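What follows is chain A paired twice: with chain B in the first complex and chain C in the second.
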Partner chain A sequence: MATTSRADPRPLSPHLQIWRFHITMAASITHRITGTALYFGSFLITAWIVALATNAEWYSVIESVISAWYGQVILFLWAVAVLYHFANGIRHLLWDGPHIGFDPKTASTVSVFIYLFAVFGAAAIFAATTLL
Partner chain B sequence: MVQLTLPKGSAPKKGKTWPKPQGATNLRQFRIYRYSPEEGGNPRWDTYWVDMDRAGTMILDVLFYIKNNVDPTLAFRRSCREGVCGSCAMNIAGQNTIACTKGFDELPGGVITIAPLPSQPVVKDLIPDLTSFYAQHAYVQPYLKTVTPDPEKEWKQSEEDREELNGLYECILCASCTTSCPSYWWNGDKYLGPAALLQAYRWLIDSRDEATGERLDDLEDPFKLYRCHTIMNCAQVCPKGLNPAKAIAKIKHMMVERVS
Partner chain C sequence: MSSHDFITPAKMARGLGSAKSGTETHIRQRVSAIALIFLVPWFVYSIINAMSGDIVDAQVWAAKPWNAILLILTAGAAFFHMRIGMQVVIEDYIAKTGTKSALLILNSFACIALFVTVALSVLKIWIGAGV
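And then the complex of A and B:
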C-alpha cells in the first residue's frame, strides 16, 4: 500500500457527547471526584488542627468560616464525599477480592444505594450534631 | 490522555432533514451520524423519519428502511442480521450494541441517535476503522500455546475445566465493549480494552494452555491491563451478556497470586 498523507484525516467518532450514562459509570467518576475532594479537604482539616494546637486567633478565623453558611455547605459536601468514597471503596474491595457484584443489574442497584447512603448518611451526621 | 471534547474537524454539524414518508401513522424521528470521505469537511447529523409500521422490528431494519426508501447513500456494516457476526455494532440511543438484536421495544423515548462506535476514526457514516481493536486482539495471542508434544488425538479437558470457558468464548468481537470504555477513549493506544482482555483471560484459564506465565508477562505494565477502573460500561453494553469487567478483575487477581 502506498503511503499517502491524508489531507483530510478521518474524524473521530463522538464519545462523551453522545453517551447515555449508566449509573455505574456515574458512580465511577463520582469515586474519582470525591477522592480528589478528600485530598484537598485534608489540607483544610490540617489547617484546622494546626490552628487548634498553636494559635487562638487563627483558630477563631477558621471557626467563623466553618460556622458560616458556606462553611457548613463545605462540611456537608465533605461528609458526603467521605461516606461515598468509603462505601464505594468497600465495593472496589469486593470486586477485586472475591469478585462479588459484577452482574450489571446488581452493580447498578448497589450504585443507587451508595449514593443514597452518602447523602442521607451526611444528613444524619448533621442532624445528630445539631441535636447534641 | 483525557480529551473531553472532539478534535477540530470531528464535531458533527447540523445536517439535512430528509422528507417524511407519505401516509404513515407511526412515525419516529432518527438522528444519524453522516460522514463522507469524498465530501470531506465535518461530519453531520442527518434527520430521518421512519414509518415504524413498515420498518420491521429491529434497529437494523430501520437502517435498511432508510437505505431502501429514503437515502441510498447511508453506509453501515452488516452481515448475519442475527447477533452472530458482530458487524453491525454501533452506538444506538447513546449506548453501544449490535443493531440487529436491538428491538424497537427496548428504545428510550424521543429522538433516537445512531452514531458509529465511539472514539474511533470514521471511514464513512456508521463505519469505524477498527484496525487498532483487531491489533490489540492479536496482541493477546488468542490461540492455544503449548510446550508438551501434541497428543495423538485431541487436547483433552475435563467438563469442569471446560465450564471455566463459559461466558468467555462467546465473544463475537463486535467491539461494543471496548469502544464503550472511557478508559479506552482516553488511552486506547496503550490500554488493551475489555474485548482483548476478555480473550486474554479466556486463554489464561484454559486448562490446556501452557503459556500462562508468558501471557501474564505480556499484560504486566501500567496501561495494558491496569487502566481498567471497573467503570462497568463493558458489561452493561455487551450484546451477548458477557462480563469483561469480571474477567479483567480475575486477571488482576492472577497477577497478585503469582507474586505472593
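And then the complex of A and C:
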C-alpha cells in the first residue's frame, strides 16, 4: 500500500457514521476505551510501587495526590474501568469458549448490566473503603 | 509451475490471507484474561487496602511472600495482556507502516520495562524486609 490509490478497489468496511447506534456496539467500543485507559493507569500504579520500594518522599507525594479531589476522581474512574473491562472480558470469554450469551436480546441486556455493574460497583468500593 | 510441482495449492496460499497470522495472539490474550479473572479481584482489594494505610503498612503488606508472589504474577499477566491489547489497537488505527512499526516497538518496550520495574520493586521490598 505504498501509493494512495488502491490498485484493487475492493469494497471498504462501512465506517462508524454508517452504523446505527446500538448498545452492544457501545459496549464493544467501551471495552477498547477502558482497556486503553487501564494501559495508561498501569503507569500510575507502577509509579506507586516504585515509590513504595525506593523513596518515602515520593510516596508521600503520591499519597497526597491520591487524597486530593483529582486523585479521587482518577481512582474512581480507574475502578469503573477495571470493573467494566473485567465484566465485559468475562463476557468475551463466554462468547468465545462455550458460546454463551450470543443471541441479540441477551447480548443487549448484558451490555446494560455491565455498565451498571461498573458504575455502581465502583461506587460500592468507594463506600466500603476509608480511602475517601 | 514445473518447479513447484510438489507444492500443493494450499501450501502456496497459506499465510497470504489478510490476517497472515494471529491465532496464537488470540489464544494468548484469552489465556492471560483467564489468569486475570483470578488475579484482578485480589489485586483491587489489596491495593485499595494498601493505599489506605501509611507507607510502612503498605511495605509490610508487599513483603509478605504470598502478596509478593501474587503482585509479580498480576504484573506479568496484566502487562502481557496489555501488550497484546495495545498491539491490536495500534494495528487497527495506524495505517502508516513506519509509524505503526515504531509504536508497536514502543509498546513492547514499555510493557516489558514496566514488568521488570514492578518485579524488581516488589523483590526489593520483599528482600529488604528480610522475611
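Observations
One rule holds in what follows: the second predicted complex is superposed on the first by the 110 of 132 C-alpha atoms of A that agree within 3 Å, B and C clash if a C-alpha of one lies under 4 Å from a C-alpha of the other, contacts with A are read in each partner's own complex, and residues count from 1 in each chain.
Just so it is clear, contacts are C-beta pairs under 8 Å (C-beta built on N, C-alpha and C of every residue); 3 or more make two chains touch, one makes a residue touch a chain.
All of these numbers come straight from a predicted model, not from anything done at the bench.
In the superposition on chain A, A:45 contacts chain C only, with no contact to chain B. Of the two partner chains, chain C is the only one touched by A:125; chain B is not.
With both structures placed on the common chain, the touch criterion links A:71 to neither chain B nor chain C. Of the two partner chains, chain C is the only one that A:54 touches; chain B does not reach it.
When both complexes are overlaid on chain A, the residue A:96 reaches chain B and chain C alike. Measured by the number of chain A residues touched, the leading partner among chain B and chain C is C.
Residues common to the contacts of chain A with chain B and with chain C across the two structures: 92, 96. Those residues of chain B whose C-beta lies close enough to touch chain A in the complex are 4-7, 9-12, 33, 35, 37, 40, 42-43, 91, 93-95, 108, 113, 115-123, 128-129, 180, 182, 185, 229-233, 235-236, 243, 245-246, 249-250, 252-253.
Every residue of chain A that touches chain B in the complex is listed here, in rising order: 8-20, 22, 24-25, 28, 92, 95-96, 99, 102-104, 107-108. Put simply, chain A touches chain C in their complex at residues 1, 32, 35-36, 38-39, 42-43, 45-46, 48-50, 52-54, 56, 59-60, 63, 66, 79, 82, 86, 89-90, 92-93, 96-97, 125, 129-131.
Of all the residues in chain C, the ones that touch chain A in their complex are 30, 33-34, 36-37, 40-41, 44, 47-49, 51-52, 54-55, 58-59, 62, 71, 78-79, 82, 85-86, 89, 95, 97, 114, 117-118, 120-122, 124-125, 128.
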